[in-house]
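Next up, some structures in structure tokens.
One chain, chain A, links the two complexes that follow: it is found with chain B in the first and with chain C in the second.
Then we have the complex of A and B:
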């Protein structure tokens, strides 16, 4: 993992974005299975770190740009709630998972959204994810309600099933693209070529890379 | 050696001894020579004393006594020259035991189970005493320091005074860098040899040969003078040359930086440093060799680490000199605070000798007047401070003493105007960064001396705030120092300026930088986080015998049957690993330790689950944060080491940003969360059992 040295020059496609994504959701909504499914599916076991499903990394290649994802799982239990901020600070994206059969878990998502917006403003890309669509017959959170809520808070809504491996790839790809746009917009705002004063501790890092790196994540660009 | 043959006269004996000393001296065995000179002096004075007391052979005394005294004088001169040349020989040996008996890093592990309130002040083990006595005997400056400290209320700091710290840091450099002698030094060495010869020949003369003696003396004087004059001329020429070279190199350095427009103070400093590097490279060949080597083998990663560690071992290289300078500066700022120990119970009486402790830091107290704070408030306070330095220092240490109030009223009479002016500046925000460390010291006092009448809580609030400010400033300084070191390193060796080499370089610099400082640094963090550590400790005691299930670990992730663990407890290996954290002295290594703890937890959890799944249906799902955090909390609880709180707080400040997003960052964050959760446990006991099985 490249540490420090975040100095990057803009213009070429020869660089790597590093994004931090937090995973939020109540205990039983299946966020761990979701992320495991994502990281296991296309790649083999070696992408599961020794920390198992708590912390996962994934390398992608999106329209010629390389992206390193660091996915941070968080504890969903109420008593760890107060500790959330130290997990999601400096995040570029957040995936908020609820169980479509559990109204309560959707309420929790609403709470997190409020908190994230309050703490991180609009720079963080939010994804609200209704998981377990394989159990649609027991649905307790209506599609319309969820989607309109997501829109109202500037988040995107997705439906997934970790069990059937549905919608997960799309979710992450979409999120990556949005994070890249945000990062690029931020870069433009700062002005190209301006020295990166490293004053901001945000996680967007554009790291110069040697071109000889293997096209590891190439398959993901297909979507 | 002093076993005088009975047949010989005292003078001859003394001569013999002096000769031995001179031979040792000539053989560059400085320490032995030094001792032998002293022994000679001792012998002479002893012999003369005996004679003077017996008063027998008066006629002999007049002649021989004079010669012996002169010999003693010469020996004394020589002995003194050793001290002047390198203050080290006698003290070197003193600092070595000092480091072994006082090195706080060593004693830290023992302190882990002790409540934080007592750690710094009371844990100096009794076995320290003899060693300390040794220190006193050998190193005068240090001994004075320690003695006053220990008289001052039994307060004994495990931290070395900054001067000793600095000396320890530079000892190696003196050892290793045997630079060539300057012409003057060479000449004086030569002259010493001449003089020794002269003395030896003189000793062989019988008392009657006065003429020969005079001629010998004259020729010696002439020779010595000539030597000196020649040396002086050579020295001057050399100095001119060096000066020319320095200017030329400075210009070269300036050219290199000339692209940048306006020049800040930092730019200026960097130029000077770079010129130093160029100068160093003129005198030493190894940088060129390494550079060439790296050019021919760009793929060889081991070369990079080899170069960096070699560079850091060259104590006269500008990078290392800068490193030492920064270390000393940081330590100097830490020492006044951490050496005071943790806040004491209010019952500690104010002892008069406390103020003498303060006298030992006259420079830190007085300097502010000249460094001139950037605001009126600071200025007025600084004067105030120098008026009665001992008082202000006492206030620092004993905020809650009743006597403080009394003293402050006295103080007020003395410099009422200062105080009044001061009160109007109460809300004055301390300017950061630009100020000298001493000003921060004053700030601490400033806050407390103004409001002594207020209740204790407010005072301790102020104290905490001041400490936090101080901590913040020090952290900032350290970041700046490391940045500066890294950039000088990369300037010296451009070949290191690639992403991976830079990381390696930084890691090495950080390790070298933090290792001697960490214990003092963490002591300050512990002061700032004292409340949190106390909370952690309370929880640890309360939940000492808790099972993993009590802190929310799912039943499937630990064995319920205690027999299955054979006398140990669940996740013991992770607990043991976590206990090692305080033993490392470098942030990067501590971080690696935390990562190992979390990995061990995952491995253990996997094993325990397999135990369970033997009977149930195997439904594998990896450990997520929902499981990890409760287990980690349990491990932290079991570790029973409140210092972890401060260690992690410090890590967060010093871990490199690049690591924060990765696995290391995740582990540190999880550790912090678990610690915070443990801290909250003792206040939320009911809450705990409620969601036990979520």
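Then we have the complex of A and C:
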């Protein structure tokens, strides 16, 4: 994911990271609410200033390093499911949201995990988010089950409430730190600051001289 | 001649939209009625000429710039010791170290080194320069028009780079060399062309990144200008190239959208209420913006059209729902706009942007988000079936085949004038606009009709005129037949009895044979 790297000189003190994060999950689990809470600190508010809540950005400074976070909302309707690969192409992180009162929505998250791991491998940081913890009395997904599932697929689990503003800052901060680690590890792998290769540039893994797999169903994958 | 006139026809039907060469693809007025492929063949040479012109212009500008530079810095050079000479040694951060491009590239094992190396090696640069200078002379009218735009872009580019001083000159040099090199790579496939351009962006961006000490804003600023300069020039050879099936896909999409004309805003569950005038205004603007995309040459300008379109959609949703649009609202609305607009050469434009846009914009930027949604919309339309519209397969089939229309079926009560469809004035402003356009079109077509009639009678006159002249000439010739007197002309003065009467100085002297 060279996207995470935004190029840069070897003195990493003044570099800026740019990360793309997609929001995935069934409709009504609270994706839009989460990101509006994070970027505007508002919930179900008629006075939200932003024209749209589909694409939001946030600038952070994490241990002296600048991070530009771009959060991509995705259409959650079932009939748009097949378009997923076009959305999550080149993303550094994915936030997979389910509603703790809705078992089906957790099943959907599992499907997304499978798909993302298949298409993007381990380079993408996965977050599984159980939202609406203020409705714990109606909980239909057990904490243990969700957490152990997350661990089994190399994802991290978070508990949030967009309504009460719980766990959201932590979620995004933690995700950013993990994406920075991934980007740095990748940089080290590439070694001594030589210019990034063109293949990694567009988020395609380098497989020596072999044709690169392109996501199926992408209308405009460059392959 | 007469056959040609007939084929051109007066009424506007499908065949008028097709390429004049009869190859089966759509023609375009901008290409003098040819399709892109035939146009390309026809004007291959024009591009050669353009490149040649660009070279000449760029060199002229370079000379001017160098002169200006020398006059400013010459004075400084006297007071400060050895400024220019020390430049390359001031460290790897300097852009003066462009020559290190090659060394760096060869260290990279995963890349095709040869192609990249060629771009920056001076030998290949001079070689291709010579080659373009041998280019044939094309038809001047087209090249003049085309080079006007590029000339302006060149000037803007140089003006911009002047502020960067020395690195600016290096950037200019690299860009020129790159463009010239690309002109010798017409046979490459689209993906390879894309690779070349993306490699160039990447290398330049890396270089700039160290020059600007990691300030990505400054780098982006320069890269935007570089993209504009390079892609304005390369546009004609790399947009919808004949090595791809982009054009076929364009046609398929165009026809597909036409076949889906019956899809309603309700079927797509779009949260835009076009009854609200402000909403429908935004809808019309969004449609205009997405159509305008095709007229831009620089990928970033095309992206800007998509972004403007998206913002109008957001406004429409915001007004309708009084809350910010989420992706759940936005994507269906964008699909609806694309279906209404049927944007020209949609697939070609998507491919072109994907291949040649500065990647940082596409991957994390806001423009990239809207572009991605446009890709989604195109993919959705391509695959759309009964299920995606919550219809039964039978219903879908009937609508697709034109046997039924959802508007007339479902909403007999809702349409106040359901009885007589004739003479109905639609209240929907988009429809009103459409009707207005149709009226204009039919007005234009009748004017064209009378123009064609006039042209045909003129042509008839022209054909008749030489015939009439011929007939008159024949009549006269009949009346006054040309009598050819038999004259035996032999030796000049032989048989000339009058010679004897001539005064002595003129009497021919007769020599004894």
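As a working rule, the second predicted complex is superposed on the first by the 180 of 223 C-alpha atoms of A that agree within 3 Å, B and C clash if a C-alpha of one lies under 4 Å from a C-alpha of the other, contacts with A are read in each partner's own complex, and residues count from 1 in each chain.
In this section, contacts are C-beta pairs under 8 Å (C-beta built on N, C-alpha and C of every residue); 3 or more make two chains touch, one makes a residue touch a chain.
None of the values given here were measured: they were computed from a predicted structure.
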Which chain, chain B or chain C, is in touch with more residues of chain A? C
Please work out whether A:18 is in contact with chain B alone, chain C alone, both, or neither, and reply first, second, both or neither. both
For A:53, decide between first (touching chain B), second (touching chain C), both and neither. both
Touching partner for A:74 - first (chain B), second (chain C), both, neither: both
In the overlay, answer first, second, both or neither for which of chain B and chain C A:160 touches. neither
Could you say whether A:131 touches chain B, chain C, both of them, or neither, answering first, second, both or neither? neither
Could you tell me if A:101 is touching chain B, chain C, both of them or neither one (first, second, both, neither)? neither
Is A:87 in contact with chain B, with chain C, with both, or with neither (first, second, both, neither)? both
Intersection of the chain A residues that touch chain B with those that touch chain C: 3, 6, 18, 20, 23, 27, 31-32, 36, 48, 50-55, 57, 70, 72-77, 79-80, 82-83, 86-87, 90, 198, 201, 203, 208
Touching chain A in the complex: which residues of chain B? 499-500, 502-503, 506, 552, 598-599, 602-603, 606, 621-626, 628-630, 656-664, 666-667, 669-670, 672-673, 676-677, 680, 684, 687-688, 691, 694
Once bound in the complex, which stretches of chain A touch chain B? 1-6, 18, 20, 23, 27, 31-33, 36, 48-55, 57, 70, 72-80, 82-83, 86-87, 90, 198, 201, 203, 205, 207-208
Would you pull the chain A residues touching chain C in the complex into a rising list? 3, 6-9, 11, 14-16, 18-20, 23, 27, 31-32, 36, 46, 48, 50-55, 57, 68, 70, 72-77, 79-80, 82-83, 86-87, 89-90, 194-199, 201-203, 206, 208, 217-220, 222-223
Over in the complex, which chain C residues touch chain A? Could you list them? 93, 104, 107-108, 110-111, 191, 194-195, 198-199, 202-203, 205-206, 209-210, 213-214, 216, 219, 269, 311, 314-315, 317-318, 322-328, 330-332, 350-351, 354-355, 359-360, 363-366, 369-370, 372-373, 375-376, 378-380, 382-383, 387-388
